[in-house]
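Input: a single structure, listed below in structure tokens.
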């Protein structure tokens, strides 16, 4: 579905992404792992249009989407969530969802003055849809709270909910797990799985938590130094010498010393 | 967005009039230090039955107690928003503690400013933005030693011995280092004060497994020098494995307390907080 | 009714804003005339003249109009003002004409004001730029100057004057190497001086103000050795200029409105002891403007603008007994007796056509740090 | 006291102040209806400007410090639309000027094209330089002689290319359009910069606009000012000479002068109120619709809004253009009210920073707040001087007559204006930081 | 062809005034940039702070002059300068204590500080006029010239003169010294480093035991000193009038931004860029070219790119061009 060909992104002399090529299959939940600074987030940002690539090509369903701005990618069905929740904090949770769909006639100034009837109809439909999504995520009770006031996990769910307001094709998740309590994380994992199964969303997930990856992802891609290092099922990756050396490591060295002390 | 009207900038980010880089969010509870007094016994560092919140906002901590004794590693775990970071800030004097006390080494320091707590021997490594990115590694360490008036070159050598990679990069701006190296600078900076106790807020968040192991190794090493360590961790399993003492906070209250092993073994805790 | 009558004179000047440094002196000049009249006790049954200052802000029509309305509400019988052409036009169109109020401006010299529908209510004691351009060209020519560089303060006064100097000087065969504007109130004039110096010329004519940009330009030009002789139109003539610039200014020349009557010297003597700077720009004009209003009232034997507006030209121009500053009492007496006066005042007032000063000019030269009269033109 | 009540009271306060100005002459009031209406009229215009700035700042966090420039463009529109056509100007140089401007625009377009479509390198730089320099000289070659011929026509009174001779009311929307066009150009450049530098860009470009107005005499006579602009209302003098009006005035018990001046001012007040209400309605409707929701989302979090398919740059541009257009309309209205355009009178303190004070004091993000701020601050702007004099007289009443300090204090009273504005601003920012009528 | 005269003419009318004006702008821009870097907002009141500093210095200068104190060939104002600096520091600290500190405690957003500074600007504006009045104040004394145009011509026998005013020389020398001291202070001293640390990361500075209020205090003191020095040098070289200082705000901001806001090096470069662009783009090159080129090529016209009316516009056009190509200014901004 998404094909990245020989992508480069340089910051000055520094090659953050250095010739990455990878493919993401339709309907998959692809895990993206790799050491800090491997260029995962940068790769994401280039695909999602936040950064312009230095060279290389990104295609989606055969269409060249290299360097398109995020809002255009959104309309093509490519969505993303953020490592740190980016909720619209002064708006209610419901409004957070209602604002998502594009091409609302109420977003045209002219209509706000002279097309009020049409807006009212559209708003009713949107509202129903938003409530449905909140229901799905089991957070109906926070619909009227300001999004800035709900808990971190609820914000993450809300982010996920936004992707459900439209017919997304592919969703990029950047470290959903960082700083999230495990129990909540697995609730999110379940939601992701359901979306994948029920709605056919494709997911790409950056994560450092192997258990999370284990629950969700197949295949897993490991990046290092701006390139793809390995790809396969998690077990294959875990067994990969290069990956162990660059990323996974072999556990604590000092643990025994500690126990000896105690 | 908070409800503080002074923090409403309407989303303005115009670089010609505002500089958002490095702006602080922490607010010391006291502008001037109050009196301290001696108390007997108790652990080396303890935030005792603390209740309090940010500014005039609601209480976030409720009778929360966390403590660490000499030679120990104490770990705080709990769901997001439980108040773990808040508890750390309260111990460090960044929070209006409405009741309860903070005691260090037999002295009640509840009324001190953060700076004075640093002088009393507390070292703190925050969760994010914990280095001076525009300054060199060495300057970062120097800033760690800011409150010291004596010669701190020895300490700096010790830090370099502990984190050899930093010696190689001493004249490089810290912002150019990788995530793991940055964390080392951050811990090194805190060690420069020769603290009597070290507090770490999620040192391994967003860090790859290999770097996480490396960091835990270093932390254990530091602890072995006799320095008590109080830290917040999301990677609860690994953290509790190396912990002497563990606290589980829920909604600002102590939910479970015990040794690391005990908590790991507790089925309730495992189910609710460690993902089974 | 037992009480001496009170005549209220509004002084509408920009006490804040770009020319805030000039206006206190101008207002003091006008108040001096009022005080002189009051002291004489000869105005309309020994009326006292009360002056009321109001701020025009020079560049804020809103404030100017509101201040003018306030003056009217407080019962002003005439308005001495306003100063900057913009606010003067605004007040004239929106307050004075609709209310039939007489306004005499000491400093607004925009040609546009000449043709404005004023119902015979608006006058000014500042001379027309067109006439001064002619005189300046002649002065330059007579002194054998062949080429000049020209700089003007970027407002209607400077622009109008420089246009007139340029066309007149070229008409008598002179060459204008460059015309460059300068902004008042912006301390640095290196760019202007650089451009002027590069263009060259025998003399640098500075159509500005002696305590604003004009001074900065002269100083810069002298310091860098770009020019050592300067042509000084009326806005630049005053004792403060040689004092501030120093002996290097000696030999520079120019002209200022004035006639044989030596009104200017008399005025200088009269004002010498007072605590304001009478050499600052437009102080004499302000004195004259205030005096004209009061004299016209006397001539019409009324303080109603509708009555005395028509008399302004009469008292200002010949025929009649010439009146210098300090002789207001005498003038009032003559008028009361039904006589005729020709007010000269501090600036040799001569109003032509639609009420502006035509004026004869006094050619001056700076000698030994003093402004000296060469001849009258 | 509920918020609504408090806010209503604030409006009532301003209203009462203006009424008192008309009715009584105690304290600092002048007891003249003319004076009250003068304050009201400029207050209404200020309120409109404040709405424009509030849309930009309150809705979208755009910090526009170039309000002066847009206001001036509105003023220019009045000259270009409503002054009579000057055929000689067009026949002598008008065409040349238009041609030169088109040339200049073409050069810029060509330069942009070259940077867009030619590969970067030495050749591109060379071609670019050649095109720019050649374009500049061709432009000057056509422009300069045309300008001098236009400026030569009756320079004392005209010397510019004149206007279209259309009704002056048309100039109001035209002023909006002109300001919108300029705002579009500025926004395209400044909002497109990688970091946002809108503030300094607007500050600078406003100065440039004023420099052009002051120095391009062919356009609007530069510093020589355009006076006697047409009016949408009759002249007072004509009314005073109209027997039927005088008769009607007499029936109200008014003398013709007062009746005519008040009549005209009230007429303006009515027109301004209509414009203000229309704009207020439009702003409120937009704010309460999905458009407003989208703008709030963008304000809350640009990155997320962008990821949710909202074209942030375009929306910022839209709102910047809209707000500027409103300032342009207000500028045109002000020039109409003054009946003259005086480029020299535009300065940032009055036309930019004062409007900011209005918006902040009124309540950023709230249109009603902006209106209140506009009216209230304008009232103080005018009335602080008499208040200051009153205060100084009070303070100095104990001092000896003729003491230097007393004289100095009394003379300094007019400088209380800026001082007071600062004080009000600081007090509001301190005790009611969201303004007197805060955003909900 | 006469290269020597061309060079002298250029030096006299472009380089010397450009250097002096550039130094004055640079000193002003340094103050703006320090506030921006450390206190994180653009201080609209900076122009008026400069006016206040100059005013205090003038008042003290008058006092000295009246008792006959003088600095020989140098302006008396130099003696009064320390007092001016002290006065301005007092004002800055007072303003901080009564106004800004509250917002710091509230952790107010930088843009709120900008608005607050707007209020402070209005107040100072009124205050200065209240004390010294709106008029022009002259306080220059001492020797006028290091070398005057006439002397130079006599000495060298060239057609063109070269004048260097005492105030110009003084401006440049002072600026160099001040900048050197400032850089030494920021990069080498403990306090300077703590200021950089605070600018980099406020929270971490606090955790390192750096007292934020101290840093803020030092910043205001340095900025007040810089503002006073800039204000006095400008006043000495040109003239003092409160109104002009407000007008200076714009080129000062332009300088700071061209150079890269928050970067002291950038402020200095920016000051000179703005000053020289104002002078050179509106300069009529006729004279220099006439001297410099062979007679056959000598220009007829003025060879002036733009008339001086647009000198302000020029600095802004340059600003925008710089930002288009270097979005954070010439020297990467935001690092003290």
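For clarity, chains are labelled A, B, C, D and E in written order, and residue numbers in each chain start from 1.
The rule is short, and it goes like this: a residue touches a chain if its C-beta (ideal position, glycine included) is under 8 Å from a C-beta of that chain, and two chains touch if they have at least 3 such contacts.
Keep in mind that this is a model prediction, so the values were computed, not measured.
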Count of contact steps on the shortest path from subunit C to subunit E: 1
Whole-Å gap separating subunit D and subunit E, where each centre is the average of the chain's CA atoms: 31
Between subunit A and subunit B, centroid-to-centroid distance (C-alpha), Å: 30
Chain centre separation (subunit B, subunit D; CA means) in Å: 53
Computed distance of Cα centres, subunit E from subunit A, in Å: 49
Junction residues of subunit B, two or more chains touched: 1, 6, 8-10, 12, 14-17
Touching two or more other chains - residues of subunit C: 16, 18, 24, 154, 181
Of all residues in subunit A, the ones touching two or more other chains: 89-90
All chain pairs that touch each other: A-B, A-D, B-D, B-E, C-D, C-E, D-E
Complex contacts: residues of subunit E adjacent to subunit C: 9, 12-14, 16-18, 20-21, 129, 133-136, 138, 144-145, 148-150, 152-153, 161-163, 165, 234, 238-239, 241, 243-244, 247-248, 278-279, 282-288, 302, 304, 307-309, 311
Footprint of subunit E on subunit B - complex, ascending: 4, 6-10, 12, 14-28, 31, 92, 114-115, 118-119, 124, 126, 129-135, 139, 142-144, 146-147, 189-190, 193
Interfacial residue positions of subunit C with respect to subunit D in the complex: 15-18, 24, 54-55, 57-63, 65-67, 69-70, 72-74, 84-87, 89-90, 93-95, 97-100, 110-117, 119, 130, 154-156, 158-160, 163, 181
Residues of subunit D touching subunit C in the complex: 25, 30-32, 34-35, 38-39, 42, 155-157, 214-215, 217, 221-228, 235-237, 257, 260-261, 264, 334, 337-340, 342, 344-347, 350, 378, 381-382, 385-386, 411, 414-415, 417-418
Subunit A-facing residues of subunit D, complex: 282, 285-286, 288-294, 296-297, 299-301, 303-312, 318, 322
